[in-house]
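Pasting a structure here, questions to come.
By letter and in written order, the chains are A, B and C; residue numbering begins at 1 in each of them.
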Amino acid sequence: MSIEEKNNLKRAIEGILFVSGEPVGLKKLSKLLEQKEDDIREMILEMREEFNDRGLIIISDDEKYQLTTSPNISNIITEFLKTELKDDLSPASLETLAIIAYKGPISRIEIDNIRGVNSSFILRSLLVRGLITKEKSPNSKLINVYRISFDMIRNLGIENIHQLPDFDKYQ
Amino acid sequence: MIDMEQKIENFKIASEKFSGPLDLLVSLIESKKMDITEISLAKVTDDFLKFLGDLKLVHPKMLADFLIIASKLILIKSRMLLPTIEISKEEEEDIDELSKRLKIYQEFRLANKNIKNLYFKNPLFSRQFLLGKSSVFLPPKDISLFDLKKSFDKVWKEFSEISIEEEKVEKESKMIKIEDKIREIFNNLKERIEFSFSQLTDKKSKKEIIVSFLAILHLFKDQYIEIEQSDVFDEIRLRSIIK
Amino acid sequence: MSIEEKNNLKRAIEGILFVSGEPVGLKKLSKLLEQKEDDIREMILEMREEFNDRGLIIISDDEKYQLTTSPNISNIITEFLKTELKDDLSPASLETLAIIAYKGPISRIEIDNIRGVNSSFILRSLLVRGLITKEKSPNSKLINVYRISFDMIRNLGIENIHQLPDFDKYQ
């Protein structure tokens, strides 16, 4: 392979590992990139060396690869996660949570339509904080619906969602 | 008669095709490979009015925007045809402003092309927020039932107001079908050879009057009727010339 | 800063952007890393240059930064994610997006004036689709201004809005 070909291959590997939340198998990489497994393995070895000064590393297990943050920045990452997850809810997050509480189970499209803005990021952050849960819609397997989590219901000091003020009025 | 029915069937130009009156106007001028000048505006006036007449279904909000431009075009055209006509300073400024706005609009059409060319050509991908992090229960401090209800009340009220407005617009736009209006005027004309615009629009809503006006423009353009008006604001008389 | 300090800072920035996935503001980075905003800005400039051969780039708008895949691996990532992304734009949506992209942040009245029609419905639909964002005008709290979203910047495959063709001509 020429240097340019090698660089292209490395770029592609890095991009794939970046967008994938899970470890990606050597076989899958080889098939997708139309390259021999040995060549992919070699590229990843080279990448690991080149990544020396970087904030990311490639970890592997059982011929599967994953991109993750380097251990020497773990303190700052922990700090970052804390601030992201422990902050008070923004008005936009509270509004989304309230819609899910009163109107759940409800799909993202319905939430977006009520709010008049896209809610993808807020939904994701409410999910990670465990304030809502996601499940497949009983009507369509392609659609996810959201509802308020049981933990959050208890945190509000009620036993079930029907005890929300004016709950019946809004149904 | 069959010809008329056919014409109604053939009205294929949807208002979605153009994003508004300026878009239509610039398209018409560009299709004639002309620059934006008073002369070119006068030249495309007929085509502009024809388009308005051919509209199958118009969003009432947009219709008003189209009509404002139409009235300016008619003014420009009348001045071309009748150089002796006197126009006020305000009207003069109006014409100037229209050319200016069209030029700005025309520039943005290049921007549209740039965006269209780039859109999803080489998209960049990001990771989901905190991808791979499993969910842990981290409740916000001090969120009460009352906060939740207050927040819901607010967003629900805003949403309900928007829905009502959307429904209203939907209903109105369903009512305003130019082709129906043309049909109605056409049938009227079959029964009576001549009638006035005020007879036609008696006790009708403002929007219906506008649509009726567009409909008679259309019938006039296709030479189904003659229109006569002796002076500004005088009664408009319609006469059938269908053989 | 020594080279080692610089490298540490870059590692941390990369790691934070990686974990977040979403755009991260300059203020937040500066506070978290306990460094001056100017220094962070400079580091990101250097990182962008160093990323030249890599599969990732840093995109930015409004003093926020996001780590994304590079435009020259778009095809392979699309294939990997098996996503159907192409989401068509009507002439009115395209026109409104173009005005906001080249002239944003811009108010509805200014948009209406250029387009010659009322844009409230189009703006709402673009907000729901997540292609634009709405914020209070810095000059008046009563006026909202619109700008294109990071999602839209990504869809366009550019690093920042200044990379749009003929951008300066419209300013």
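Following the convention adopted for this analysis, a contact is a pair of C-beta atoms (placed from the backbone, for glycine too) under 8 Å apart; a residue touches a chain by one contact, two chains touch by 3 or more.
Here the structure is a predicted model, which is why all the values come from computation and not from measurement.
Chemist: Can you figure out the chain closest to the middle, judged by Cα centres?
Modeler: Central by C-alpha mean position: chain C.
Chemist: Which chain pair shows the largest tally of C-beta contacts?
Modeler: Highest contact count among chain pairs: B-C.
Chemist: Could you tell me the distance, in whole angstrom, between the mean C-alpha positions of chain A and chain C?
Modeler: 19
Chemist: Where the CA atoms of chain A average out and where those of chain B average out, how many Å apart are those spots?
Modeler: Spacing between the chain centres: roughly 44 Å.
Chemist: Averaging only over C-alpha atoms, locate the centres of chain B and chain C and give their separation in whole Å.
Modeler: It comes to 33 Å between the two C-alpha centres.
Chemist: I need the residues of chain C touching at least two other chains; which ones are they?
Modeler: 18-20, 22, 67, 69-70, 72, 77, 81, 124
Chemist: Two-or-more-chain contact residues of chain B, please, as numbers and ranges.
Modeler: 125-131, 162
Chemist: Which residues of chain B touch chain A in the complex?
Modeler: 125-133, 135-149, 151-152, 154-156, 158-159, 162
Chemist: Which residues of chain C touch chain B in the complex?
Modeler: Answer in residue numbers: 18-22, 57, 59, 66-72, 74, 77-78, 81, 85-87, 89-92, 94-99, 101-102, 113-118, 124, 150, 153-158, 164-166, 169-170.
Chemist: Can you tell me which positions in chain C touch chain A when the two form their complex?
Modeler: Residues in contact with chain A: 7-8, 10-16, 18-20, 22, 28, 32-33, 53-56, 67, 69-70, 72-73, 76-77, 79-81, 124, 127-130, 133-134, 149, 151.
Chemist: Could you list, by residue number, the parts of chain B that touch chain C in their complex?
Modeler: 16-23, 61-62, 65, 69, 101, 104-105, 107-108, 110-112, 114-116, 118-131, 162
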